[in-house]
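The following pair of complexes shares a single chain, chain A, combined with chain B in the former and chain C in the latter.
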Partner chain A sequence: MADVVATNETIVVIGGGISGMTAAVEAAETGKDVILLERAPSLGGRVSQLYKYFPKLCHPTCGMEINLRRLRGNRRIKVLTLAEVQKVTGEAGNYQVTATLHPRFVNENCTACGACAEAVTAEIDNPFDYGLSRMKAAYLPFTMAHPQRYVIDPSLIGTEEAQKAKDACRYDAIDLDMKPETVTFSAGAIIWATGWRPYDAAKIQPYGYDRYANVITSVEFERLADTRGPTGGRILRPSDGKEAKNVAFIQCAGSRDRNHLTHCSRICCMASLKQTTYMRERFGDDAQSSIYYIDIRAIDRFEDFYQKVQADSTVKFIKSKVANITEDEATGDVILHGVDTEGYHRYDNRHDLCVLAVGMEPSVDVRRIADVAVDASGFIEVNGPNGAIFGAGCAANALDVNRSVQSATASVLRAVQVVNRVAKAEG
Partner chain B sequence: MADMKIGAYVCQGCGLGERLDTKALAQVAQKEGKAHIVREHEFLCNAQGVAMIQKDIDEEGVNRVVIGACSRRAKAEAFHFPTVAVSRVNLREQVIWSQPATDEARELTQEMAEDYMRMGCAEAKKVVAPTPNAAVGTNKRILVVGGGVTGMTAALEAARAGYDVLLVEKTAALGGVMAKLFKRVPFREPYSDPQPTGVEDLVAAVTNEPRITVFLHATTTRTSGAPGQFSVDITTESGQTQTENVGAIVMASGFTPYDASRLPELGYGKSPNVVDQSGLEALALAAAAKGEPMRRPSDGREIKSVVFVQCAGQRDASGTHLRYCSGHCCNTSMKQAMYFKDQNPDIDTVVLFTDLRTPGNGEDFYRSAQKKGVTFTKGKVSGVEAAGDGSAVVKFHDLILDEPAATMAGVDLVVLATGQVPNSGVNIDIPADATDVDDKPVEHAVSVLNLTYRQGPDVPQLKYGFTDSHFICFPYETRRTGIYTAGPVRRPMDIAQAMDDATGAALKAIQEVENAALGRAAHPRSGDLSFPTFRREGCTQCKRCTVECPFGAIDEDEQRYPQFNEGRCRRCGTCMGACPVRVISFENYSIDSVGSQIKAVDVPDEFSEKPRILLLACENDAYPALDMAGVNRRVSSAFVRTIPVRCLGSVNTIWITDALNSGYDGVMLMGCKHGDEYQCHFVKGSELAAYRMSKIDDTLKNLNLEADRVRNLEVAITDMERVPQLINDYAAKIQEIGMSPFKGF
Partner chain C sequence: MARKEYSFYPGCSSERLTSASNYMVSVEAMCKTLDVKLNEIPDWNCCGASIGYAEGGELPRHVMNARNLAISEQVNKGQDVVATCAACWLGARETKDRLADDPGLLAETNEALREAGMNLEYKGEQQVRHMVEVLIEDLGYDELKKPVVKPLEGIKFAGYVGCQTNRPFGIAGESFENPKYLDKLVEVMGAEPVEKYDQKVTCCGGALAFSEPEKSQAQIKKIIESAYDHGAEMIVTPCPVCQMNVEVYQGQINKRYGTKFNIPVTYYSQLMAVAYGASAKEAGLDGQVIRARKLEEIAAKSAGR
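Presenting the complex of A and B:
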């Protein structure tokens, strides 16, 4: 990585999802040098796996296209993918960031022609679809992936399949001898944008995510609804591939709960309201969506969206924390048990599919890597004694996309203040 | 241009060499495209291929480069030649990957590729690498309008990055609403108790910051110019005006609490014991100043029972009051209930709510309130009535017990959680002389910025008066370049969010002054150095460009000619599309640069059974969708010739009529969704295109052509399956209506 030049006027951005990409382009467009480190093989992060955004029901890749164009057109940004940060040491204005660069086994000669994927037969679970589909072990992570470069899965290394991929490449782009590499960069300030991961739904034992095929998470439901997803956008339930026309959405699955995540994850109510529109889009008046909720948190203008969904006759709202779920083994249907607290009615409701609106938790335990103050949920304290390490987006709080981008933009100014001070001191 | 030297390069990689006769393509570039240097390369994007092109630029004087390879969206890093104009000819994604790999398809695929080479060379002749505008503004001071928490934070954060700031506050003191609070909602661990607002420290930090100049009792009475060169009149209450130059503006004009007197059914105005949230803060501050507990306003008696009514005049679907939720009020009511509980745990505090909204760590605060004994009841309040003893009776529908006529009696104080109404100035979408249903003139708000812009004195509003961005991915997208709004004027929010928002807006303001000084465009065409110029002698002063510019960039000069403020321009080309006499152009994008591509296509004669369809595709959404259809090997008609455009708003109808006149059989436009939930990143581009195309019917009639010869479609970037289908459907339609009678003219 001899071509990466970093000084203590460089801003290192960790994480290449929507927050990290935003931070990188906003900083670079303010005239700062940026290194963007992403652990996955491509940029885009979790939003690229969403079918649509609330409340406009527009597509995440639209904004991503603009951000990618800004990023590609700006020579101040150096992007490193498959880069896992191991350690951050130092202080404001003088950090050392150590990262492992995992091998892609494909170099920059790659034209994304796809010949290697054609040659290979081995398949692996597709992480882009949360494992709901399989893909070739030589792959482009998704159609809009940046860098537009294939990846050879490490499981192929040492097999004949790997050699087949190499032989198929006419551009000398496959290098099966690539080894992990450890690199260290200087940085004046660090923007920490490692985002979130869905709370492990299996931990909510009464809901049986690990036992019942037809209990899935809200992020998985996005893939089922996506026309580019594993079912081509048909909402088919996992157990038998039947159309799931009667779907239960359980809010606060793992959030607002002392046994799980104590915070409210903010996005889940809107996400479920949005997902009822997918149901209507697919099944029209035949759709049946039931939302089991404690409070519907449709803050500010989102209230409009809530009112629109409330007006949809195919959507029911039940104020209840679902007690538990059982499965009808004969049909695969799921049965939700609990009490509707509005009027105190006991229910045992049958549904084709149950979607758990799982909460957000920070995807990385930051304290393992850097000396950073976090709150009880593990989010980076914006006002904490963190030197020039600034949390952005969902690494700092449970935020929706718009607020994540806003947070990322704010973090850039905090970083700019530090590198401008360094620049001034150094004349 | 005498010194024009075109280098055309054809790649043979990624199957191009097998699927196409690249030698023939090179010949087309040379003979028809008049390229001076023509080279084929087996792998053009590798280091050697790129070096070959660079060598021609350095040693042979090539100043226009035509690259026949993959899409402009691929290998951008490799094909980066900033000193010359580059035309990318998309032979991969949109030719060989969108055509069947069969022998039968070979002829048509080759014809497609040859046409695209012709188009690339034609474009190369008409564009140059843009040079920045010489009239750039280099002022880097930031003006912040509003001295509340948002404005003070923006000022301070900008100053800490090394920028000078002018801070204009309407009232006699800094502090805004924040200075009128007793305490604030906690903003860091532990999220359990109300915290000091810290407003004195913030005011002191602003006052002591040498880079910040504060103007109190002052307003901005005139704002003109452009990023890097705004001129602002700052007028103080005494009537004195001084003119200052600034580079960018942060508008932090805050909010006004919703007028609670519009809620007589909730008792406001009838009893002093019914207050809104700001009224409660005033009571708390007054009591704290005296070192006494809060007392009942009507008679000074001890308060034993308080009810907080959430969503008072908010979330009102009927539209009588505010339709939206102000976000902070649940936390605020809990904080206020704690004012009482922390003073005396025996005071009964009840929060009546329909949905309690405490996102993030607000949940900890909610638990803390429960622990302190605050009662939460799910119910919808229908009325507040006075009892004889000065106490109130709160009537509500208890949603848990399903009791429509529930009451709470003996309430000493009722607090209405009313919402935030943005102080966003004049709604420029309502004409100044508009009248209401009773024919009375509409009363306009007082302007905040007093912009001299032709399109109106304030920034456009999104919804409910908030000046928020329309875009989820781009919260600081602004329709007035160099002017960023922050805080509750942008969206309802609390102090913590407002401070974060102010910091983001300050960054955007700083970024804009840096880029304006270099003549660079702001998002989404960040860094673009081109800017519109117009041929004054051809202009008919029709004003379409000044009216249609989505960013209010164009004013009128004294002689009523358009006056382009390049610094405000976002380079979408809407003005170019609007201009009926075609006098507006950019150095790298013009009527001619697209028009000559249209004319470069080889149109076979009427009897060939080879129609030609022009597709003008939005470069942000439709064009990537076409690329990705190719990546997925979706086949679409070989008769289509696609030209990416900056925005459908830049499509001038002359391109359509020229295409039809020169024998094209059909024209398709693909742009973004328009309407309320528009997707167009230049706001109205696709809508304007739809409007302009609706008017093209007359032209078609004059040419004796069918209405179906032009089709305008909305597509999304994800439409990689649908886009080929739309093309094929249209190609079938053209087949059905037959070939154009204009071939060979």
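Presenting the complex of A and C:
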């Protein structure tokens, strides 16, 4: 990677989701040199996997497109994908960031024509659809992927399939001999934007995510609703492909629970409220959405959104922490058991599909990589003794998109001050 | 010397002439084959069971269990305490955990033991384990398979785990809602487990079988119905209370619901004893209320057919 020049005035951004992209663009637009490292083969992160954002219900492609345009047009940003940070050492104004660059087996010649994918027959789980679909093992991560370059899955290497892909390429873009590389960059400040991952729903054992096909997570439901998702935007349940018109949403699935995540993940209430609008969009008055909740946390300006959903006759609110879920084996329906605390009624409610509004946890254990303070949930302490390592977005807290972006901007302001000090000292 | 030795007490349900005495008989046969020696804790007492939780009070409950454990520390030094009864294990294990966490409660417990004039002091030196933990963790499935001379081929078992060996402690590494160890044991013995037995951790009602028979029998009905629905010929369980409740109330349930239940309910140790070549009597099959005929047939055959 001889073309990457990094100095003590460089800002390294770790993580290329909405927070990291925002941070990279804003830091570069103040005139700083930025290296943006992303572990996946494309920028975009979890926001790109959403069908719509709340509260305006616009599509994430819009916001991503603006960010990508700013990013592509800025020569101060160097983007490295498939770059996994291993270690960060040093101190404010003088960091060393060590990363492994995993091989893509596809070089810059790629035009994203897709001939390699056509040639290959092997399929792998599609992580973009959270494994709800399969895809060819030579793939473009998603339509808006940046860079627009295919990836050869490592499982193909050494097989005939890999050679088929190479033979199909007319641009000499496939290099099956690529090896992992370890690189080290200097940095004056680091913005840590590694984001979140959905809490492992299988751990919430009474809900049977590991046992029942028709218990899914909120992030999977986003993929079902997305017109470019595995069902072409039709809300079909996994067991039999039947339209899921009667859907239960369980709030705080794995959040605010001493057996799981103790924190409130903040986004899940709004995510489920938003997802009831997908139900109405698909099924009109035939939709039946039931939200099982402890309390609805539609904070500040989201109250409007909550009230609109409350006014929708197809949406029911049941104040209850669901005790457990069973499956009717004959139909595949899920039956939710619990007590409605408003009146103390026991219920055994049948639904086509159950969506667990799973909480957020940090996607990486930051402390294994760098010396930073984290809170009890593993999020980076914003005001911790962290030198010039600044948490941004969901690496720092459970945040929605809007607040993640604000957090990213705040981290840039801090990082810029550090590299300005370095520049002044070095004259 | 035996391969493994443990400090042991059978608990009241497994004493002679009690409901689960056949459990004990089969455990003895199983342990003999596995070369495991159980050293009974002298003068052991009741663990308190459900009464300890319902009315007994916290301190008396812990004193009862601590007494057994304290005697064990004196007499069976350096051995883990093993219980075959799920309730005994649960109670004793809870006492161990609570007293380890609470020095005040520990001091009170020891004071009560002193008052009893037995010169006992509970120190917390020994682990408290259930028999299935010992089998799985100390011996392992491979070792359990080795002595099988009569695989239980052709019998389908619903592995009914129940609650006490499952919550809150459970067997290490197992899910609370879908524990698999009993199914694995069934498989190791050459029989077929029910893959998706959805009632495997449903409560059998426990002591409520006496005081709230309708509620308890409604639970038991679900447990049995699901076993039948999944093609099971027998139910197997690690718990004496589960065994009793699920077996002996089938007649009453049949009257109440018009069902025709008649499914044998066995212990894992009976399966193992038979698979290891024991006779029906040695496997405690004569203690069944609903006879486990298929197991009896296998037990009657000569080994290595």
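As a convention for this text, the second predicted complex is superposed on the first by the 427 of 427 C-alpha atoms of A that agree within 3 Å, B and C clash if a C-alpha of one lies under 4 Å from a C-alpha of the other, contacts with A are read in each partner's own complex, and residues count from 1 in each chain.
Everything below uses one rule, namely that contacts are C-beta pairs under 8 Å (C-beta built on N, C-alpha and C of every residue); 3 or more make two chains touch, one makes a residue touch a chain.
Nothing here was measured: the structure is a model prediction, and the numbers come from that model.
Visitor: So, on chain A, is it clash or fit between chain B and chain C?
Guide: Overlaying the two structures gives chain B and chain C room side by side.
Visitor: Name the contact category of A:205: first (chain B only), second (chain C only), both, or neither.
Guide: second
Visitor: Please indicate which partner A:327 is in contact with in the superposed arrangement: first for chain B, second for chain C, both, or neither.
Guide: second
Visitor: With the two structures laid over each other on chain A, which partner does A:227 touch: chain B (first), chain C (second), both, or neither?
Guide: first
Visitor: Could you say whether A:73 touches chain B, chain C, both of them, or neither, answering first, second, both or neither?
Guide: A:73: touches chain B, not chain C.
Visitor: So in the superposed three-chain picture, is A:39 touching just chain B, just chain C, both, or none of them (first/second/both/neither)?
Guide: neither
Visitor: Once the shared chain is lined up, is A:409 touching chain B (first), chain C (second), both, or neither of them?
Guide: After superposition on chain A, A:409 lies in contact with chain B alone.
Visitor: Considering only the touch criterion stated at the top, classify A:377 as touching first (chain B), second (chain C), both, or neither.
Guide: First partner only.
Visitor: Looking at chain A, which partner touches more of its residues: chain C or chain B?
Guide: The partner that reaches more residues of chain A in the superposed model: B.
Visitor: Rounded to whole Å, what minimum CA distance do you find between chain B and chain C in the overlaid structures?
Guide: 20
Visitor: Which of the residues in chain A end up touching chain B in this complex?
Guide: 18, 22, 25-26, 29-31, 53, 56-67, 69-70, 72-75, 109, 111-113, 143-144, 148, 170-171, 227-228, 256, 262-266, 295-304, 307, 319, 341-344, 375-377, 381-384, 397-399, 401-403, 405-407, 409-410, 412-414, 416-417, 420, 424
Visitor: Please give the residue numbers of chain C that touch chain A in the complex, ascending.
Guide: 175-178, 196, 198, 229
Visitor: How about chain B: which of its residues touch chain A in the complex?
Guide: 13-15, 43, 45-46, 70, 73-77, 80, 157-158, 160-162, 187-189, 315, 317, 323-327, 353, 355-364, 367, 378, 399-402, 463-464, 466, 468, 471-476, 491-493, 497, 500-501, 503-504, 506-508, 510-511, 514-515, 523-524, 526-527, 620-621, 624, 628, 631-632, 672-673, 677, 679, 681, 716-718, 720-721
Visitor: Would you tell me which residues of chain A are touching chain C in their complex?
Guide: So the residues of chain A touching chain C come out as 205-206, 208, 210-211, 324, 326-327, 329.
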